[in-house]
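Since the structure comes first, as structure tokens, the remarks are kept for the end.
By letter and in written order, the chains are A, B and C; residue numbering begins at 1 in each of them.
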Amino acid sequence: MSPHLTEGLYELLDQITGFIYPNEVEIHWSLLIVVYPYITGLVAGAFILASLVKVFNVKEVQPTYRLALLTALAFLLVAPFPLLLHLGRPERFYEILLTPNVTSAMAMFGFVYAWYLMAVLLLEIWFEYRRDLIVLGAQEGSWRGWVYRALSLFSTDVSDTALAFDRKAVRAITIIGIPSAFLLHGYVGFIFGSVKANPWWGSVLMPIVFLMSAIVSGIALVTFLYMVLTSLRREAIDMRCLDTITSYLFYAVIVDFSLEALDFIHRLYQSEESVKILGRLITHRLFMSLFVLQILIGMLIPLGILVLAKARNFSDDMKKLLYFTAAILIQLGIFSTRWNVVIGGQLFSKSFRGLMTYKMEVTGIEGLLVALAVLALPFIILAVLVRVLPTKRLGDEVGGAA
Amino acid sequence: MRIPEQVKRLAVVIAVIAGGVLLTRFFIIPRSLVSTELHRSATVERELAKPVKLAGSVVCQGCHEDEAVKKSKGYHKNLSCEGCHGPAAQHAEDPGAMKPPAPRDRKFCPVCHAYDASRPTGFPQINPTAHNPLKPCISCHNPHDPVPPRTPQACSACHGQIERTKAVSSHALLACTTCHVVPERHKTAPRTALPSKPETRDFCAKCHGKDSTRADAPKIDVSGHGNSYMCWQCHYPHLPEGRG
Amino acid sequence: MNKRDFLKGLIFFFPAGGVLSALAGAPAAKETEVQDAGPKGADAKGPGAKPYNSRDHYYGMGIEIGKCIGCSRCVEACKAENDVLRDPFFFRTWIERYVIKKEGEVTVESINVKSRASKEAVQEDADVLRTFFVPKLCNHCAHPPCVQVCPVGATFSTEDGVVLIDSNRCIGCRYCIQACPYGARYLDPRTKTADKCSFCYHRVRKGLLPACVEVCPTQARIFGDLRSKASRLVRFARMNKIHVLKPALNTEPKVYYAQMDGEVR
């Protein structure tokens, strides 16, 4: 066994307070497992925003529709990476698809993921972009043209009936997509929520809270990306769109906050056996990440900012600044939420008598640098995607090709 | 109704992918890779093939009759040989290859016999610093028949914690035999010949009742005080009222 | 949307799904009977002994807390027998010490883990009401949460009641470690797969006792076959009031504690 690992564990041993089962000294689900639900949450949230347009006919949000889809795709493609890197034996990952244990939520997630990627996201994007792909396939020459024609599956029909079919298809897929998105991220919540051994995780509310915070983070992300993209392209931003998105963001934050407050109040009131150690957990180990980052900076302050922006008649520039700030703070908050759930759940002993510590590595396969790379990757993929796939319907944009 | 051209193309792609997946999973991939039965029976076989490191006392007895017989009569009769001598299956297979160590150090026996308040009462315990310091344990106690060289005469030899508690109590000057009838055999066969404990309130009344002649014992009205409960249900006899 | 296409899609996918799940569900815990290599040592089953049928056995362990002296011979023997790393972070079995004081304060420590705070032995304290040792190990639950959550089925229950780990299949996701309420599992850093007590299955199948039971000097640990006609464990369960750890979680543990204090978690 590597001396480095032993050293690390001896250090952790010294920082235990109270009593823990001896095997619990090592924190098994590390930073990468915090990154993973954060990413799938963004996927679900971005998709829900997209569904506002197609299913709930919120026309104001249309300018962000394609961006939301591409964002969901970019993040979904990266989602398996933190899991793969975290496995003790990553070369055996295929077993989870080949011979899954049907009673395991984690195994079933592989199929939920595949379904969502193929039957929902890729299909919807294809139907949405088919016309543009055909147009671009005809316009572009050499290998680029080939790529576009291949992406359109060499389809050529751009008649009105065909396009009408595409629109209906998109709507139908989005309708299926909403519960699928719920399933995608709700499942992650279920993976934690079904663990009866851990009272911090094992709760009926867990999938719901996960999902709501996912929607918050997804909407906030698309807000952020929309503002960045229009700014980089030196385009005028659609303020009505932005105002509408942030309204939905506001509602989502209210619901999320209410759910988390409910969870907290419920636990405190019910006062089960675990309430003492959990109280010590949040005051001694999670104080900064919970009270300061998750609640204050991640929820209350953005909520205040959004209220301010809505209530007062600010200039567009001022509103953009406020929205931008709120979006970033919310991302920090939701990331802290994931941290508090994943890491927090492992910082107290199942004997309910002690607390452990998590030492985040910087280098190493599960360290900070790798986590940052994994978080950066979807943005890189998205940058490629928005170059290849236009975010506005061709022919709709004002002046110049996309 | 006409099937739109794009749906036809899509259907072809989906069919190819789905077909490919199903074909691979159910026909191309060999059964040995996916059969749960095979995996489990293979695991059991691998487990069974694991080497045995501890032979078990019965095996040791096969060659070491004398020690086994000696041990079977003494206080250590339930101890496994390998508890002190370490894993010896290798030695049982090929006696010359490896010789199990025989612990002779004074640090070894206190692993079981050092006084520890969490150990059950009556388990033989000593204070390693005070008990014949520096002398190896085996110079007085044969590990295979660890009879102490002299039969302990004082109760405190085994019941040290009780003695130490009593020593600072109001019952300090009372001998253990004042309340407990101790058969002589208790000193050599402690668990089979047990001392008695008082069974009635009248026993404590002998000193603490109103008609008692014992001058230094506090008196109570036995018929009224504490109703039908036994005295020791409230008063710990080795440290009454926790004084001291 | 085109109804015909939709229906065609359905007709295609459902049988495929049915086939998939049928094939997935078929090999349900049917264990092939493995012949023993033959009787070994003094535990020979006799001439013409019939092959081992796991359905005839159901193993469990009994622990009498009042007898444990906290000597840790069991911990040492287990590490030797099962090639477990010696560092104080990986235990298939361990001993806990409980100290319960008059005002209700309960202190627990694991005597096998020497951290700064641990003391060598508890000295006397007039405030101590009760103090004792509790051996812990994998409970080989009849309704194991670890088996339920393993994504690849690497951990499974045998028919004779032992929960084993297939270290060739384990992908090291550590879900089982999270799901175990008893802290019995750990990740072996050498193989990066999950590991835990196996009731010394390789010994038990040969008629030997698990290593920890073998070396216990006070017979605080009893190993037995609940389906056997004459079994130490059955007598243990008859003569003692039995407790299990965390019964409310409905894991149905098969390690039975006698004289277990209410403070034990």
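Methods note: a residue touches a chain if its C-beta (ideal position, glycine included) is under 8 Å from a C-beta of that chain, and two chains touch if they have at least 3 such contacts.
Because the structure is predicted, anything quoted here is derived from the model rather than measured.
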For this session: Could you quickly compare A-B and B-C and let me know which has more C-beta contacts?
Result: B-C
Exercise. Which chain wins if you rank chains by how close their C-alpha centre is to the centre of all protein C-alpha atoms?
Worked result: C
Exercise. What is the distance in Å between the mean C-alpha positions of chain A and chain C?
Worked result: 37
Seminar exercise, completed: So, in whole Å, the Cα centroid of chain A is separated from that of chain B by 52
Exercise. With chain centres defined as C-alpha means, what is the inter-centre distance between chain B and chain C in Å?
Worked result: 19
Exercise. Multi-chain contacts in chain C: which residues touch at least two other chains?
Worked result: 2, 153, 169
For this session: List, in ascending order, every residue of chain B touching at least 2 other chains.
Result: 4, 7, 25, 36, 39
Seminar exercise, completed: Multi-chain touching residues of chain A, meaning two or more other chains, are 99, 165
For this session: Quick one: which bits of chain C touch chain A in the complex? Just the residue numbers, please.
Result: 1-2, 21, 24-25, 85, 87-91, 94, 96, 106-110, 112-113, 115-116, 136, 145, 147-153, 169-175, 177-187, 189-193, 249, 265
Problem set entry | Complex contact set, residues of chain B against chain C | 1, 3-4, 7, 11, 14-15, 18, 22, 25-26, 35-37, 39-50, 52-59, 61-62, 76, 78-80, 82-83, 86-87, 92, 111-112, 114-120, 123, 161, 164-165, 239, 242
Problem set entry | chain C partner contacts - residues on chain A that touch it in the complex | 1-2, 5-6, 9, 13-14, 16, 19-26, 28-29, 83, 86-90, 92-93, 95-96, 99-107, 110, 165, 168-169, 172, 191, 194-198, 346, 349-353
For this session: Within their complex, state which residues of chain A touch chain B.
Result: 98-99, 118, 123, 126-127, 130, 153-157, 161-162, 165-166
Exercise. Can you name the residues of chain B that touch chain A in the complex?
Worked result: 4-7, 9-10, 13, 17, 25, 29, 33-34, 36, 39
